């Protein structure tokens, strides 16, 4: 079942080592089908160089395994909370990529210092608080998802397709698994440049709002003119 | 038309990922023909690994597309302002390369800390101000070009073939597209070493003028003696 | 003799350059046999690209060479002290990997700033003191081992499979040579992210104990649920 | 003439891009023959990927070209001063490698923070002053060599096979061209780790003298026991 989605999710997972975003098995990608009944996710702890499309695990949104020989990623419950919270999210990525994780560990949101950031993410990339002892001890992964969803209540997931979980690492998403991986790459590059930028000028201020608006809307929304869509 | 120039500009574009200066499609190279009637530029948002010489777009200096199936780079208007400002400029590069962009985001010009810098760029690499709200909202890319041209009024473009645009990133140029890419590589390396250098010694001072003169004129002008040109 | 172990130790050694953990011959891996009578270690100063399984040196725990045409690694005496101290240790790695060595040189233990660290190492990664003049001048490598063993007295080697030796570099270990190399890779990544993290937020605090417990026990012990072991 | 030496110097030059020590043509290696009459050096400004053994230039110690179709490296006069100063030097390397150059630009000598450094270089790696205006304007490259030689008067070139020239970059040497390249690689790694180390602990102190002695003499001199030489 869902052979095409499995293949897409497999391919998206394989992009993580290709872009240098994962060490060992420290990452996972999922994608949801159009009816939003089932989603497909990487199996837990399986090496990328041994992965094949058939290893992908099919799950429902109640957390039941529908098909697959492996256990799903240990972060599956986080993915479920995000899929349930927004129909805009078609794919989700979790990594421990170096610079995004360094920001997450530092407990700081990433200010928007320039157009590389503004082209994809509108405003500062939020770092949500660490979970409480109770939230950690019971349903840890699900509570991670709930905390993200709580932060995004009333916000546009596609205008800010990334979040940092304090003391842990980043999640990104997009309209499908491929776009979620694209955003994970952007996040890592933006995180690295923001740290460099503060190193070069400790008093640096975020870019002005009008520049953020310009770059974001150059690529998003009905007046977008970047790329080939309108030609 | 302009098949040779298209091929040169294509090859120069392909050097950007080879030298690690671009992620995804975050860069573009153009080159102008000898009569300076038409220039050739990368299409907007097309992946480097799918690019071919025939994808290059031919434009005139009024911003009209002369030939090509794709939209030109969204930064085309910036390129035009530069070509119109100086006949010395035969090729132009824009990237979001990591360290040059980090300096641009920080809003600081890059001091000349040594001979690696002085061999190619005479003096500090300027960071021009962020555009005003009005300049951003209307003709953003063209105003970016105008701001650069305003800064370089009365200056020698080939003695300083690079500029940083605050909150955005670098542009470099040269006598042709290939040399513009060469300067983009130099800029990235110089930007990285300048940041490292300040990290190692927070009170570091720029190199003395006589050293800058020596290295720059060892490679440029009629008394140059680096390389094989005079043998 | 011990052909299978030699091959395992050879393969583990070859992972060091593959993961970018060694320059030239600055690293060595050993593994001990099940009876814990003999262990196999890389020869001293032999290039990785010329290494073969037959080059591995078989040693006993008194430091006598049992088989092999080469001298064993100059750090052999350190490996012996560790093997003698704990039957949990089946393989040992020493490297001069960039970030772990930078922390070792700085004389600081690596605080646990997040779950990447907590997934493998329980608490801060200790940096043991520099040896005294007497300890250095006589039996230097053996005293390095003794100092590590002294620190770990009463502690669980597998809960903290890494140590930094001040002014020198890291040692890691595991249930076999392969796992010891795995931990060397984790250590390098964790060391890099901890330095980044302090750069981004100079006042960063270690992750809370409950998060460390959660991640460590998600992967270790009888209630572990990461990966495929329980499926 | 000197076909074997040309080949060795060619091979040593090709190691510079392989180890990531040069961008474009920013480096050169030379080696001297046993009679110390002639030395062989890379031609100036020739791309590494077009270099062949026959391109090497044969020079005498008065700076006359003895054989070769190209101009020798523009740094030839610096190499000559070093060869004339010490018969211990059989090969010389100049690069603009990132971290060594960053230290050179910062004007600081590299303190010895650990055993990676101590294994190859005895004590802090000196940064010599910038040349005066007069020294720069006339015989710049030769004066660079003279300044290094002045610093090393009465010192052992092989105990400290590296120097940083302020605002410029490093030179390294060794008993032949291959060893000089080896030392250039060591220098770059040591320079990177020293900067990291100061970042992690701003109050870090150099390693104690007894540790430096131990590691240096473990590899050098008649009591050396690292590697296979004595087996």
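Order of writing sets the chain letters: A, B, C and D. Residues in each chain are counted from 1.
Assume contacts are C-beta pairs under 8 Å (C-beta built on N, C-alpha and C of every residue); 3 or more make two chains touch, one makes a residue touch a chain.
Quick caveat, the model's predicted, so the values are computed rather than measured.
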Exercise for the section: Would you kindly say which chain has the C-alpha centre located farthest from the C-alpha centre of chain D? Expected result: A
Fill in the blank from the handout: The distance between the C-alpha centres of chain A and chain D, rounded to whole Å, is 46
Completion exercise
Taking each chain's centre as the mean of its CA atoms, chain A sits from chain B at a distance in Å of 33
Problem - Residue list for chain B, restricted to those that touch at least two other chains - result: 198-199
Exercise for the section: Would you mind giving me the full set of chain pairs in touch? Expected result: A-B, A-C, B-D, C-D
Exercise for the section: Name, in rising order, each residue of chain A that touches chain C in their complex. Expected result: 23-24, 26, 43-46, 70-71, 74, 96, 98-99, 101-108, 130-131, 133, 136-137, 140, 167-169, 195, 198-199
Practice task
Could you pull out which chain D residues touch chain C in their complex?
Solution key: 113-116, 182, 185-186, 189, 192-194, 196-201, 204, 207-208, 210-211, 214, 218, 225-228, 230-231
